[in-house]
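Multiple structures follow.
Both of the next two complexes hold chain A, though its partner changes from chain B to chain C.
Let's look at the complex of A and B:
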């Protein structure tokens, strides 16, 4: 079958199981959009306000659905607008295929209109990228791109397709099914690992995003039961275990739960599963693993010893490895360790009943949502509060920018997450700083008729930076007091959503009841909170649990 | 301990492959002292030799990061040389 490049692209997307793409048209992708028009009954294209929003949406779609997200942008500025979104997906290992148009091959390298070397620009922030110079390579390239994005440690792949490659024709349906090249692996030796586990009296499981990527949640839960081991989570590992499980201690690290970080520092064995030991999670590396043996289980060989030197490494798919280990592990009890954990759990940030504070706001919102509700966040204080206080019960219900910390990620991610979860009610927790970065996507929420509830934790300041200025810069609040006069409720109304502004728990409850309209309706609730609200506990950067700050 | 070492790479001869390799070094602030590339008997496969200096950690990181690159077929740590 002889087809033109743009048709080959769409046909191949369909073969890859793609039914939804996010993007923005432009001169260098006109032929692709012409095909999308013809295929509109089979592929849903979501037009956003800005390519960055489209890229975050594809990322959020991938995180919520487990499928590979697809974003399309034109050459030049369209392509460069994807950069933050691609870097974000790369640091959080999200499977994403970004497709950009470019000027025709004979115009490349001549500084043509809207020409950039997007392959060069994105090279350090992708898992791999391709420039397709001949239409004959296109089919094979797309197959490889999807394979790379979604195999091993997942990540973003970019395909740059010059205009003439979109219009040239060639035979389609002749490419071979690619397979990932064999790479050297560590030998799989489990005897010593099993021995270390059996010798432990204070085991601790630390699990990260790799557990969710591998769908190994049940195996981790079983391991925790079997070893009588508490579980701490990295931020990317949040939602791997239900919060209702009593041995899920919550997040470890800089803004983690005291009990989780304390148990991690007191354990004699740390089973680290699908984690990469980010500096935000470890703090002082010398203190971090002082008392324990570390078993690191991950699919990516390059992670072993990158930040933390493990005593034992097991490389491979974490689900398969855990299933294998479980075959050889009998149930044990560690009552003394359990008592210690119970003791650790008593140290908490105090409750503040009746106050209009982040914890009470987030818990009030949670009461109006389902266990399956997808929750997106932006970046900053509100992100940490959401991760700390929102009660997550199901995997893939939290979309948050972990590695890159991208302010402005949330609204795009909420759009993608909403679509990826079957257009069910989705929540975005954001703040006026983060929301201000990409609030243009409100138009997409409305035009797509998406049931998204946006909760703005509005404290009139750039709270997280301000918090650091307060603690580490003697209260010199440089450029973090915003004093903007934006009326977010009116803004939401102007976009065609419905906006509310609240300042008490009673008002909030009333609005939450009014907006509890199932999977219909886009709402924004602007919650005016105190500018001195802090994220606690906090382990200062580069420090350990010994230096934890519990009170503001 | 800092030591000079040579890494031999067999790579798919595609656009930008050298960029990807040198990018891994520069991202981590590792210096390349000598780089040499040439054809092999296998069509489409190029051999690249890179000489650089670093400690155990740097060497292990460079090798494992290089191994992850899609267009790299094989990474070999060759003789370690001490002094000149």
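Let's look at the complex of A and C:
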């Protein structure tokens, strides 16, 4: 079958199981969009307001659904607008295929109109990227791109397709099925690992995003039961275990729960599963693993010893390794350790009944949502509050920018997450700073008729940076007091959504009841909170649990 | 510490940039880097010499292995490999030092490959240490131009090894 490049692209997307793509048309992808028009009964294209929004949407779609997200952008500025979204997906190991157009091969290198070297630009922020110079390579390249994005440690792959490759024709259906190259794996002695586990009286499981990527949630839960081990989560590992599980201590690290960080520092054995020991999670590396043996389980060999030197490195699919270990592990009890944990759990940030504070707002919103509701966040204080206070019960229900910390991620992610979860009610927690960065995507929410509730924790300042300025810069609030006059409720109305502005829990409850309309309706609830609200606890950067700040 | 990374890579445009970019992004050193085709035209051999602490040297190998354009990475210390470097050095000489230079060339096994009344170009191909030793003998002389290939290396032959 002889087809032109653009048709091959769409045909191959279908073969890869893609039914939804996000993107924005332009000169260098006209042929691709012409094919999307013809294939519109089989493939949905979601047009966003900006390519960055499209890229975050594809990322959110992938996180919520577990499938590979696809984003299409034109050459030049279209391609460069993807950069933040690609970097975001890369640091959080999200499977994403980004397709960009480029000028024709014979116009490359001549500074042609809307020409950029997007392969060069994205080099350090992709798992892999391709430029397709001949239409004959296109089919094979797309197959490889999807394989690379969604195998091993997942990540973004970019394919740059010059315009003439889209219009040239060649035979389709001739490419071979690619395989990932076999690279040698680290060997490990299982008996030694089992012995270390059996010798432990204070085991602790530290669970990261790799557990969700490998769908190993049940295995981790079983391991926790079997070893009587409490579980702490990295931010990316949040949602791997239900919050209703009493030995789920919550997030560890800079803004983690006291009990989780404390248990991590007091344990004699840390089973670190699918984590990469980010500086935000570890703090002072010298203090971090002082008291414990570390068993690191990960699919990516390069993670072993990158930040923390483990005593045992178990490389491979997390699910398979855990299943294998579980075969030889009997149930044990550690009542003394359990008592210690119960004691740690008593140190908590105090409740503030009746106050219009982040915790109460988030909990109120939660009461109107389902266990399966997808929650997106932007980046900053509201993100930490959501991760701390929202009660997550099911995997893949939290979309948050972990590694890159991308303000402006949330709305696009919520759009993708909503679509990826079957257009069910989706919540976005954001703040006026983050929301201000990509609020243009409100038009996408409305035109796509997406049931998204946007909760703005509006404190009139860039809260997280302000908090640091308060603690580490003697209260010199440089450029963090926004005092903008934006009326977010009116803005939402202008976009065609419905906006509300609230300042008390009673008002909020009334609005939440009014907007509890199932899977229909886009709402924005602007919650005016105090500008001095802090994210606590806090372990200052580079410090340890000894330096934890519990009170503001 | 020094280590040599001999990588078989896809012979495609952009691969060198990818590898160089990796070293830049992860703050690894490149002491020298050479690239050339292998017996298979689709595959190039890239020999990178790097230095750093044990953790860094180990990370380099792991990060190189992650790159999908890199087919195979062999790592070895200088003592485990046969290393050679080629240098071309153009110098200005005079009647007083001409004899010394020629003697040194003879001792070190270097050859004069170009000559005029006042200048000569010397070629030397040897281990990186001996190349450096020879260049040190030229320190007092005015070097006009110098070109070095960087280290090329293969592992030493071990009988019964599983090498293909």
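In this section, the second predicted complex is superposed on the first by the 551 of 552 C-alpha atoms of A that agree within 3 Å, B and C clash if a C-alpha of one lies under 4 Å from a C-alpha of the other, contacts with A are read in each partner's own complex, and residues count from 1 in each chain.
Definition applied: a residue touches a chain if its C-beta (ideal position, glycine included) is under 8 Å from a C-beta of that chain, and two chains touch if they have at least 3 such contacts.
Source: prediction; values computed, not measured.
Annotation: superposed three-chain arrangement on chain A; chain B versus chain C shows a clash. Contact with both chain B and chain C is seen for A:181 once the two complexes are overlaid on the shared chain.
Within chain A, the residues touched by chain B in the first complex and by chain C in the second are 119-120, 123-124, 127-128, 131, 148, 181, 183, 300-302, 304-306. Interface residues of chain B facing chain A in the complex, by the touch rule stated above, are 15-16, 19-20, 23, 27, 57, 60-61, 64-65, 67-71, 73, 75.
In the complex of the two chains, the chain A residues touching chain B come out as 119-120, 123-124, 127-128, 131, 133, 148, 181, 183-184, 300-302, 304-306.
Note for the complex: chain C touches chain A at residues 14, 17-18, 21-22, 25, 55, 58-59, 62-63, 65-66, 68, 71. Those residues of chain A that touch chain C in the complex are listed here as 119-120, 123-124, 127-128, 131, 148, 181, 183, 300-302, 304-306.
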